[in-house]
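Chain lettering (A, B, C and D) follows the sequence in which the chains are written, and residue indices restart at 1 in each chain.
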Amino acid sequence: MSRVRMGMVGGGPGAFIGAIHRCAAALDGEIELVCGAFSRDIGRSRQTGEALGLSAERIYDDYVSMIETEAALPASDRMEFVAIVTPNKMHFPVADMALRNAFHVFCEKPATFDLDEALKLRKAVLDSGCRFGLAHTYIGYPMVQEARARVAAGELGEVTRVLVEYTQGWLSSAAVAGKEEPSWRLDPKQAGASSAMGDIGVHASNIAEFVTGLGIVSVLADLGAVVPGRELDDDGTVLLRFSNGARGVLVASQICTGEANNLSLRVYGTQGGLEWQQQEPNTVVLKFVDRPDQVIRTGDPFVGAGAQAFTRTPAGHPEGYIEAFANLYRAFASDVRQTGNRPAWRGQVHVPGIDEAVRGMAFIESVVASSRDQSVWRTMGEAV
Amino acid sequence: MSRVRMGMVGGGPGAFIGAIHRCAAALDGEIELVCGAFSRDIGRSRQTGEALGLSAERIYDDYVSMIETEAALPASDRMEFVAIVTPNKMHFPVADMALRNAFHVFCEKPATFDLDEALKLRKAVLDSGCRFGLAHTYIGYPMVQEARARVAAGELGEVTRVLVEYTQGWLSSAAVAGKEEPSWRLDPKQAGASSAMGDIGVHASNIAEFVTGLGIVSVLADLGAVVPGRELDDDGTVLLRFSNGARGVLVASQICTGEANNLSLRVYGTQGGLEWQQQEPNTVVLKFVDRPDQVIRTGDPFVGAGAQAFTRTPAGHPEGYIEAFANLYRAFASDVRQTGNRPAWRGQVHVPGIDEAVRGMAFIESVVASSRDQSVWRTMGEAV
Amino acid sequence: MSRVRMGMVGGGPGAFIGAIHRCAAALDGEIELVCGAFSRDIGRSRQTGEALGLSAERIYDDYVSMIETEAALPASDRMEFVAIVTPNKMHFPVADMALRNAFHVFCEKPATFDLDEALKLRKAVLDSGCRFGLAHTYIGYPMVQEARARVAAGELGEVTRVLVEYTQGWLSSAAVAGKEEPSWRLDPKQAGASSAMGDIGVHASNIAEFVTGLGIVSVLADLGAVVPGRELDDDGTVLLRFSNGARGVLVASQICTGEANNLSLRVYGTQGGLEWQQQEPNTVVLKFVDRPDQVIRTGDPFVGAGAQAFTRTPAGHPEGYIEAFANLYRAFASDVRQTGNRPAWRGQVHVPGIDEAVRGMAFIESVVASSRDQSVWRTMGEAV
Amino acid sequence: MSRVRMGMVGGGPGAFIGAIHRCAAALDGEIELVCGAFSRDIGRSRQTGEALGLSAERIYDDYVSMIETEAALPASDRMEFVAIVTPNKMHFPVADMALRNAFHVFCEKPATFDLDEALKLRKAVLDSGCRFGLAHTYIGYPMVQEARARVAAGELGEVTRVLVEYTQGWLSSAAVAGKEEPSWRLDPKQAGASSAMGDIGVHASNIAEFVTGLGIVSVLADLGAVVPGRELDDDGTVLLRFSNGARGVLVASQICTGEANNLSLRVYGTQGGLEWQQQEPNTVVLKFVDRPDQVIRTGDPFVGAGAQAFTRTPAGHPEGYIEAFANLYRAFASDVRQTGNRPAWRGQVHVPGIDEAVRGMAFIESVVASSRDQSVWRTMGEAV
């Protein structure tokens, strides 16, 4: 079974998430990195590519030359998809050119700089017939798949209440004291309209919709910059209303001093509740009134098809963040194979794509608009 | 050391909280129940009093005759304070008459039916020179006292973010299916303007203010009745703004199916964070950026004076809800002794009184008003 | 319902466990402390009695005069049972004299100084027709009762494996540095043959037998004094063999630096497992192979009669160590009432008595003998 | 940087651990699988190799032809090391031949079939000048490295007590009901003298020695087959004595129904204690008497060099079992590069090798001998 060939844009020296993408793509031995344009600085791009063992002619100076050159290679050699791990501002231009050249795209979140770009991206994806995958990594955890399956099976009854949080402390005063501000994430020209919502809140809205199977229809937000001098928010709360009328609340904050990467989701329904926490991702708890709470673990023999497809080890061998990420890559690579009519693994899993891309950008824009307007309720919009 | 003499209004057969008040008052052997009017049903009042070993002449038919009769007894015999454990509607009339007759009052929360009554109660307390204690039980946990002490000592720096939740599931669809609705708590004529906020949200706002040492100055709320047919809300979220500008969010819900009594508090500051959870109340966690998180336990030798005063057992012997409640009773009884110039135990503790009573009612009213007005920001008001 | 009248021997100033006994006896308002001989130092005995509000004539100089004097009082006035909270050495003499004078006895563990005394005590109890209760406090937790019920109902299948631990750090080098050694617990003349096993190991063997419903039939032990200079052990491990052949291991240690009071029990059977931990006592977890683990909590509506009888509050209101202790006192007081043909509360609970007293002492002696003999297997003996 | 070339013996269809080895080797992109003899069944070997994308001429029928053929290839093409993932019985013959042909070896544990083989293997390693790595995977967790560093730095004082457990339930009656017994692990001809100790107990002894920096000098064991009809044990407890006199206890069991892969380690010293659990591997807790317990997490900025070298993601992104495994592979590959005078990554980490191989086999043999001889103390032997 030949590997799926990947090119990368972004991910040069010091870029945390690029290295993670490469580990995740490598894990199952089904994807091969064949080329890259890793930095706008040509020297740094070459340095990265060489350390990764790429041949010199497939380390490119920029994404334009990469896409053009690769498109001209024989079909059996050229990359099959592009992984985009640049700052947000560059996601759309790279993805758009790749799609126009018939390359599939796997992209970091948030999908684009703003909602307008996301709508254009959706059109480009549909026009191209190519696959678009979005790195909502947390969907790749087996117990998140299981949570969705349990809700879909009606074990909670009708969903009535959602509590979702994503708290970090890496931008708190104590964490940034004496250091430079992270270059692009707090810059509205590169990151977009929100830091807290664009970087982490959009993960939270995505997982809430994914697990409940419901859409967020309106939001009311209170955002702010807690650390003085920032142009973008670093903290916010959003009241949610879901498509079935259920109430929700979403907290996203980068200034919760002492928190690491604390994404948690609780969903309650007429018949039961569930809880999942990213920092201990291999358990999901179901809660009931008239019988004991249930603890389900990655690798348990009775979990659903989605969780099984995303599990490599027997119960009790913790599957971590990179495995979750690798699950998305593996499913995406399988989709790419199918497009090419090659045999493909395909677990029964749902992974994020262009629809989630558009919804995420609509969420960010609606939230920012609500907060600017003294926290009024905003609908997420017809287009979405 | 003679015991402080207590009378009780409410707490008849089947009243959960009345029995808890009696256990809590009994625990340390410093308070003696000497009389009571336990139910509006005379037979039930007598049944309760006899089971408690009270002499027949001190089991009263109603609170009016109890207060009048006790006031006429010799000072060395008559009750010294009244514990009020009736439905909310009756708190003020009983407390007011007791205070007018120079009896101290220890009252269930919420303090009164509405804010107007709370303001009257404050005047009555001040006029009487008597003590008023409020059953914000969770303040009685040693680790809540410790949390307050740590914040006050500046270990978190300036408080920037507060997350407080109180979720229960006992009024969810699954929990109430086939049963009668709890008689008075969902009745606006007896409970007041809110169920979720009056029964549990007010505990959450109290503990948030207690631990941070900050006042809530404005609120924005989204309340609702999730189970169809209810006149009062059973679920709500409140955005908070504290006196120093810090953002907060408060969730209070009685329909989170599968949750028992899940009060939790997280406070973040410029230098650190803290977390406390009522269901495992004997630990508080301090979180930092540049050094390990710290876990502090009830009974640890290095805790502050408040936590020490509220601890009976060595570390590792869990102190529970009744002990927390007993701590408030013990501190209140000590206050009563001091008023009477008798020797009194007095740990260095802060316990809720009339100020917290007024703030709590103002919180409830502001929240209800905000929610009714499509979730606008409301200030808590000058009077408070 | 008149209270049951209690006298106390031991529990003077500074004696932690005496004060806990008094709180536990007071909690439910069903027991009244009427007399005591609190210290061998007469002044300290009086000081304690007066602080507790006892009348001067019922504060005694020693247990002999107390028992003699009380025995001469009218039946309606005199104490009904004696609570013994002295060092181990005095348990038997006090209990024996009390039983001979027809007083019931509630005694701290270990029941006696050695096995020989325990066998004599059993005879004295049987001869007297009185009740004997033993303060194996942890049996008083609702979830320990539930654990026993679940095993008895066969939910784990046949028990095959037991892991029980009781670790503390209060006698570790770090804890005792610069302090005096605790006076009597490390003195073989007052404490008996073992510190670690007599003080805490015997709790562990008791709870293991209680929950499994199986007897320990043989032991192999490795004890030692970790902190130099001690005459008694402060640490040990015991291999266990139960009556059905199941293997077990018991760890009891007072030198596990940083542990507070870490009693935990795990039981495995052919069909399932269970886990309970004293420091978070309100949950018990059942573990299975082919279905989710179950978490059961104090107050859950579906627990058995034993757990229900020992619960005062709704789920989510933590019941602590003193409540567990009070459960034993309440059940014992009920037994005393029944002996006197008075109406009595009686939940369907099993509480420790003279059989557990004898088994505990046999366990300690067998363990010490095994360890002294280079860790050979020892049977627990026919007499037991 | 060219990849290190790996061959594999074992790991055919259905072999869980072979697939994990391949994922672990692939994760960091520094190792390339170039050949393999995956099964004694030639068809299955080819099937596996083809699915992995190997060219047909490097999928071998057996390890002998693989080693011979690879040894004859040009140095720049041939494999550099062999990963051995066969049943225990085959470890030594494969390793021995590989070493004689100057191939480095990375081997599953236990290292060999018995101690005699392990001693021969040590000689073969020393004679060859090659590297030998042993798959004690749990040493690859960052927080295990941190635990070792903290002990080595004296934060616990002198180690006085060790509690280590490895409990699983996959061989319990409930788990095996109606299924065939796992083919080779319970067969003394293939697995060696013990199942519980050979499969998991040896991990427990390894981690205890690794973290404490102490050697086990004598053991006393009680092993048995809980499920009837087994030739090898499935459960056991071992009393330990460490080189400094500290007591320990080790539990290894495959019949703890409901447990998944529950390896835990607690170490106590004169000044503090520590706890680590494999199922939540990203935290280690330090425990103290006179100051708060400390929680340290993977990715915390203040951890030591070993933990940092083994961490890929920021704090809060769980690193799992495969990452731990990959850490060992990465360190081993780096060692292989250094042997070849190529530039190599080398974090400051300690990973298991031939010394741990010999110690592990000596442990297993001593334990089995003690248990057979009615649980007598056995020294681990001079040779080790």
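As a convention for this text, a contact is a pair of C-beta atoms (placed from the backbone, for glycine too) under 8 Å apart; a residue touches a chain by one contact, two chains touch by 3 or more.
Just so it is clear, the model here is predicted, and its values are computed rather than measured.
Trainee: Quick check for the class: compute each chain's Cα centroid; which one is farthest from the centroid of chain D?
Mentor: Chain B.
Trainee: Between A-D and A-C, which chain pair shares more contacting C-beta pairs?
Mentor: Spelling it out, more C-beta pairs touch across A-D than across the other pair.
Trainee: So what's the Cα centroid distance for chain C and chain D, whole Å?
Mentor: One centre to the other, that is 43 Å.
Trainee: If you average the Cα atoms of chain A and of chain C to get two centres, how far apart are those centres in Å?
Mentor: One centre to the other, that is 55 Å.
Trainee: With chain centres taken as the means of their Cα atoms, state the distance from chain A to chain D in Å.
Mentor: That pair's centroid distance is 34 Å.
Trainee: Going by the contact rule already set, what residues in chain B reach two or more other chains?
Mentor: Answer for chain B, listing residues that touch two or more other chains: 259, 286, 289-290, 293, 297.
Trainee: Taking the touch definition from the header, please name the shape of the chain graph: line, ring, star, complete or other.
Mentor: It is complete, because no pair of chains fails to touch.
Trainee: Give the list of chain B residues in touch with chain A in this complex.
Mentor: 156-157, 160-161, 163, 165, 167, 169, 172-175, 220, 222, 224, 226, 235, 237, 239, 247, 249, 251, 253, 255-259, 266, 268-273, 286-290, 293, 374-375, 377
Trainee: So in the complex, which bits of chain C are touching chain B?
Mentor: Touching chain B from chain C are residues 1-3, 16, 19-20, 22-23, 26-29, 33, 50-53, 168, 170, 259-262, 278-282, 297, 299, 312-323.
Trainee: Quick one: which bits of chain D touch chain B in the complex? Just the residue numbers, please.
Mentor: Residue list for chain D touching chain B: 285-286, 289-297, 300-302.
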